[in-house]
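Several structures are given next for inspection.
Shared between the two complexes below is chain A, which has chain B as its partner in the first and chain C in the second.
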Partner chain A sequence: MGSVNATVAPFTTSNVILWFRTFWAIAASGFRRYSTYRQAALAGIVTNTVFGFLRCYVLLAVAGAAGSAAGYDRRQLTTFVWVGQGLLTVVQLWGWTELADRIRTGDVVGDLLRPVHPVTAYLATDTGRAGYAAVVRLLPPVLVAPLFFELYLPARWPTVPLFVGSVVAAVVLSFACRYLVNTTAYWLADVRGPLVLWTLGSGVLSGLYFPLRFLPEWVYQPLWIVTPFPSLLQTPLDVLVERDPTRVQVTLVAVQICWAALLLAACRLVQRRAERRLVVQGG
Partner chain B sequence: MADRPGGTLTAYRALLGAQARSQTAYRASFVVDLVGNVGATVFDVLTVLVLFGVTRELGGFTLRETMVIVGLSAFAFATADLLVGNIERIPRYVRTGLLDAVLLRPLGALPQLLLMDLPLRKVSRALFGLAVWVTAVAAADIDWTPARAVLAVAAPAAGVVFFGSVFVATATVSFFWIESGELANSLTYGGRDFTSYPVTVYGGWFRALFAYGLGFAFVSYHPALALLGRADPLGLPQWVSWAAPGVAVVAAALAAGAWRFGIRHYRSTGS
Partner chain C sequence: MSVAASQSRTEIIQARGLRKEFTVRVKAGRLRRHKQIRAAVDGLDLRVERGETVGYIGPNGAGKSTTLKMLTGVLTPSAGEVRVCGLRPVAQRTRLALRIGVVFGQRSQLWWDLPLRDSFDLLRHVYRVPAAEHAARLRHCRALLDLDDFLDVPVRQLSLGQRMRGELTAALLHGPEVLFLDEPTIGLDVVSRQAVRGFLDELGRTGDTTLMLTTHDLADIERLCPRLVVIDHGRVVHDGSIADLHERYGSRRLVVAELDAPLPHPPTLPGALLREVAADGRRLVYALESAGVAQVVSGLAGLASLRDLSVVEPDIEEVVTRLYRTPPETTAPAVAGTG
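Coming up: the complex of A and B.
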C-alpha cells in the first residue's frame, strides 16, 4: 500500500494579488463568522466594562495621593486599563483551541487538503475575527470610560500610526503563539499542559494583571526582549499612553514585529514537521 | 430508591466516586491541572505584592492588613469555585439537553449537577487560598480575643457560602438567556477581584453597587476590619463588621430562591 502525502504542492505561480484576494476573502468570512454571536458579544462587553472599573480603581489607588506610579500619571493609568480591557478580545490571548480540537478529531486533514497553507488560512480567519472585535469589543469600553474617568489622549501625531501598527503586530503575534500552542496536539493529543502554561504566562507577563513597569527594571527589560509576552498587550498600551519618547516607541514596535515574524516562521516550520508525522485514524 | 434509608446518599457518593476515579485516571494530566489551577491564584496574590512594591498603602491599608483581605477572598472564592463553580457550565447542559436527563432522575438537580462535574483539580487552589489566609492572619498582628478567633473561622466559611450563592444565582440566568456566557463572570470573577482589595479603593456608585448593593463588602473587607480592630474609614458602625458573616445566610436564601424559580420555569430547548 502506498501512502498519500497530505501536503499539497505549493503555489508555483507567485501571484501576490491572488494571494491577497484569498487572504481577504478568508478574513471577511472570519469577520462574518464571529459577528453572528451578538448576544455573547454584549455579555462580553458588560464583563470587560466591570473589570475596567475594578482594575482602574485599584491602579488609581496605587497612584494614590502622589498622583503617579512607575512613571504613569493618573490619566495614563486610566487609559492603560480601559484600552487594555478592549484590546484583550482583539488580541485574544485565551480560549482558542480550534486547531488542537481539529487535530485530535482528525478534521485537520480538511485544512491540509486546501490549496492555502494552513498557517495562512488560520491567520486570515483570525485577522477577520480581530477586525470584528476591534469594532464591537474595543470601542465600547473606550467610549464608556470617559463618562466616569479622565482619559489620556495621545499628544504626538506619530503615536497614532505606531499604535495601529502595534495592535496589528500584537494580533499576528498572539495568533502565532496560540497556533504554536495548538500544534503541540500533533505530538501530545492533549494540549492542556501547554495551554495552561500559555494561559498563565500570557496573563501575567503581557501586562494584563498590572503594568509590567511596576516590576523592577532588571526584571521587565529582559522579559521584553527574550519573551514575546510584553509585546502582546503592554507594548500597544505603552505606545498609546506615550510612556516613552517616540524613539523608544519605535523600538518597542520593532521588537514586536521581530517576534511576530519569528513566531510566524516557527509556525510554518512546526506545521511542516507535524505534517510528516501526522497519522489520521479512521477511514 | 428514595424509599431505602440512605439510598439517596449512596447515589450521591457513587456519583462523586465515579468522578474522582475518572478525573484521576490520567495521572499526568491531573497533575498538570492541579499545578495550572494553583497558578492562577498564586498570580492573583503576587499581583497584590507587586502593587505594594510601587506604593506603601492601598486605600489607607498597609500590606499586612490588605493580605488579610486577600487571603479571605482567595480562600473563599477558590473553595466556592471548587464546590459549586462548575454550575457556570449550565448553558452547555441546557443546550445539549443533559439538564433534561438530570431532571428526570429521582435526585435533586443541583447536587447532581455539582457532583457530576466536581473539578477535583481545583483542590490545589483552595489549599493555597487557605495557606494565604493562615499566613496573613498570623502576620497581621491581631489582638486575639475569643470573639476574633470565632470570626477567623466563621468569616472564611461565610465567604464560601456567599461566593457559592453568587455562582448559583448567576447560573440561574442561563435558564432564561442561554447566550449570557461571560455575563456571570462579571459577578463571580469580578466579585473575587472586588473582594481582594479594601473597599476604600473604589469610588462612587460603583462601590455602592458592588460593596453594599451586591454585598461583596461583607465577604472580606468588614470581617478583616473586625479582626484588625480598625474602625471603618467609610463610617459604618463596628457591629456591622462583626455581623458581616450573616450576610452569607441572606445570600444563600436568595440564591436558593432564584434556583427554584429557574428550575420551575425551565423550558427544554427541545430535541
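Coming up: the complex of A and C.
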C-alpha cells in the first residue's frame, strides 16, 4: 500500500470544487441509502395521502360558506394542505435519531475518524435523503390532489424559484434542528425527552397542524422571528400559495436562511463542545 | 524537550505521559453520590517507528481502546503529549484521518444500507483518492481478501467475517501510513481469522504501513507482532519482543522424552532443568536453560533408549496470564517507559 501525503488545505478554488465533489458524493449515497426502503416509502405515501384528505376537509370546513379563512381562499388552503403533506417528509420534521443512536452505542467514533466534519457529512447525507423524498414522497400527494380538489397555481413568476429556495432552506434548517436535538445524547445518553419536546413543538409551531395565520397576528409574528419553527414548513407553503406580496415573501425566505445559517453554526459549536467531553460508550 | 521536537523522522507514533481520566459517580447512600476520578490511561509512554507492527495487549479495562482513541484524536487526553504522523491528533483530527486507518472489531464503519462496492466508491470521494490509486488498492484487497462474492451485498446482510474483510479494505483504500486495529479478529470463525491474519501479516511485511493492533487473541500476536506492548491499569508493564517476555517470566522450551524403560535415577543434564518425572519414570520433562535441544537429546540418548521425543514451545497465554495477575505496583516500575 502506498501512502497519501496530506498537506495543509488552503482555501482555494480547487479546494472548494473538491469540497463540493465530496459533498455531492455523500449526498448521492444518502439518496441511494434511503431509496433501498421501498415498502416503507409506499406505506408512507398511503398514510400521507389519507391524512391529506382528513386535513383538507377540516380546513375546507373552517373556510365554510365564506370560502376563506385567515386570508387563504379554498384553493390556497387545499394547496397548503396537500403540498404540506408532501413537504413533511422532504423537510423531515420527525423520526431521525440516527446520530443519537450512534452516540449512545459509541458508533459515532466512526464519524469522527473521517476526514469530513461530522456536521458536513450528516448534512450531505440529509440533502440526498431530501432529494429522494422530493421525488418519491412530495410528488404523489401533489399528483393525487388535483383529481379530487381544485388547487392554487402560482400567478407570479418569482414564486417558483423562491419556493425552491425556501424548501432548500427549510431542509437545511430542519436538519440543523434535528442534529441539535440528537447531540443532546452526548450529555443525556437518552434523547427521548428532548425528542418529545421537539416533536410537539415542531408539529404545532411549524404550521403543520394548522396554518399559523389562524393565530392572532401578535402571536404568530414574533413566533416567526424569534423561533425557527415557522421557517420549517409555514414559510415554503405561504410562498407557494402566494399568501403575501413578493417583497414580504423574500423577507420570510431571508429569515429562513438566517435561521438555517445560525443553527448550522450552532451545530458545529455544540459538536466541538461535545467532542471535548466525549466518553465513548462500550469500549 | 517537547514531543514534537524530539520526534525523529522515522518515529510515527510518540506518546509521553499520556493520561486519560474519567469521572465516575459512585452511590454513597440513598441520594448521595460520590464523584471519583479514575485514570483509564495513567502516564503512558510509547514510541513506534515507521513500518513496525506492534501488538498492544492487556486485560479488559486496561486502557487499550482508550489509548487508541487518544492516538486517533477521538478522545482528548487529560494530560501528556502525543504525536501521530507528526500531527496533534485531537487538534488536527481531520488531517490525521487522511493519513491513518482504523478498524474496530466491534463496530462497523461501513454504511449499513449500502453494498460494499458503493461504500468503497464513497470512501474514494470522502478521502479524495485519485481513481487509479483507489482502483489499484481495491484490486489488491479483492484478490487477497476474496471480496468478489459479496461486493454487491448491502453491509447489513454480510456475515461478520465478510464484514470484517470489508472493514479492512475500507480502512486501507486511502493508503494510510498507520493502521490501528482494535480487536480485529473478535468473534470471527477460524477461516476468517486466518484470512484476516494472513492479510495483516502480508501488510506488515511490506513495511509501508505501521500496524498497531489490540487483541485478546494471543495467536494474533504470535503470528503478527514482533513487538509486544502490554498495558495494565493504564500503564505499560512490558515493551519488547515475545522472547523478551518469556525470558522475563522464566518460561522455557520443554523437551519431553519418552523412554523404553525407566532409569533408576533421572539423569541431570548440564544447561537443562528436570521439571517433571511421570509415567513411572518413563516420561522425563526438561526445561531448557542454557542448553539447546540437540545437547539434551544427545545427553539422554547416551543414557537410555528413547521411544519418543517432543519439544514444547513456551505458551504465551500462560505468561500473559501470569503478567495480568501480577499486582500493578510490582510490574509497573520495572519496565514502564522502555519503549
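In this section, the second predicted complex is superposed on the first by the 266 of 283 C-alpha atoms of A that agree within 3 Å, B and C clash if a C-alpha of one lies under 4 Å from a C-alpha of the other, contacts with A are read in each partner's own complex, and residues count from 1 in each chain.
Simple rule for what comes next: contacts are C-beta pairs under 8 Å (C-beta built on N, C-alpha and C of every residue); 3 or more make two chains touch, one makes a residue touch a chain.
None of the values given here were measured: they were computed from a predicted structure.
Undergrad: By the touch definition at the top of the document, which applies to A:Arg21: first (chain B), second (chain C), both, or neither?
TA: second
Undergrad: For A:Val196, decide between first (touching chain B), second (touching chain C), both and neither.
TA: A:Val196: touches chain B, not chain C.
Undergrad: Is A:Trp187 touching the first partner chain B, the second partner chain C, both, or neither of them?
TA: neither
Undergrad: Per the contact definition in the header, classify A:Phe214: touching chain B only (first), chain C only (second), both, or neither.
TA: In the superposition, A:Phe214 touches chain B alone.
Undergrad: When the two structures are overlaid on chain A, which partner does A:Ala40 contact: first (chain B), second (chain C), both, or neither?
TA: First partner only.
Undergrad: Considering each complex separately, which residues of chain A are in contact with chain B in the first and with chain C in the second?
TA: 37
Undergrad: Which residues, counting only chain A, touch chain B once they are in their complex?
TA: It is residues 37, 39-40, 43-44, 46-47, 49-51, 53-55, 57-58, 61-64, 69-70, 148, 190, 192-193, 196-197, 199-200, 203-204, 209-210, 214-216 of chain A that touch chain B.
Undergrad: Okay, in this complex, where on chain C does chain A touch?
TA: 22, 60, 65, 69, 72-76, 93-95, 97-100, 102, 104, 106-109, 111, 113-114, 118, 121-122, 125-129, 133, 137, 140, 154, 172, 174-177, 203, 206, 208-209
Undergrad: Spell out the residues on chain A that touch chain C in their complex, using ranges where they run on.
TA: That would be residues 1-4, 6, 8-9, 18, 21-22, 24-26, 29, 32-34, 36-37, 105-107, 109-110, 112-117, 121, 275-276, 278-280, 282-283 of chain A.
Undergrad: Where on chain B is chain A touching in the complex?
TA: These residues of chain B touch chain A: 26, 29, 32-33, 35-36, 39-40, 43-44, 46-47, 50-51, 53-55, 57-59, 177, 179-183, 185-186, 190, 193-194, 197, 200-204, 206.
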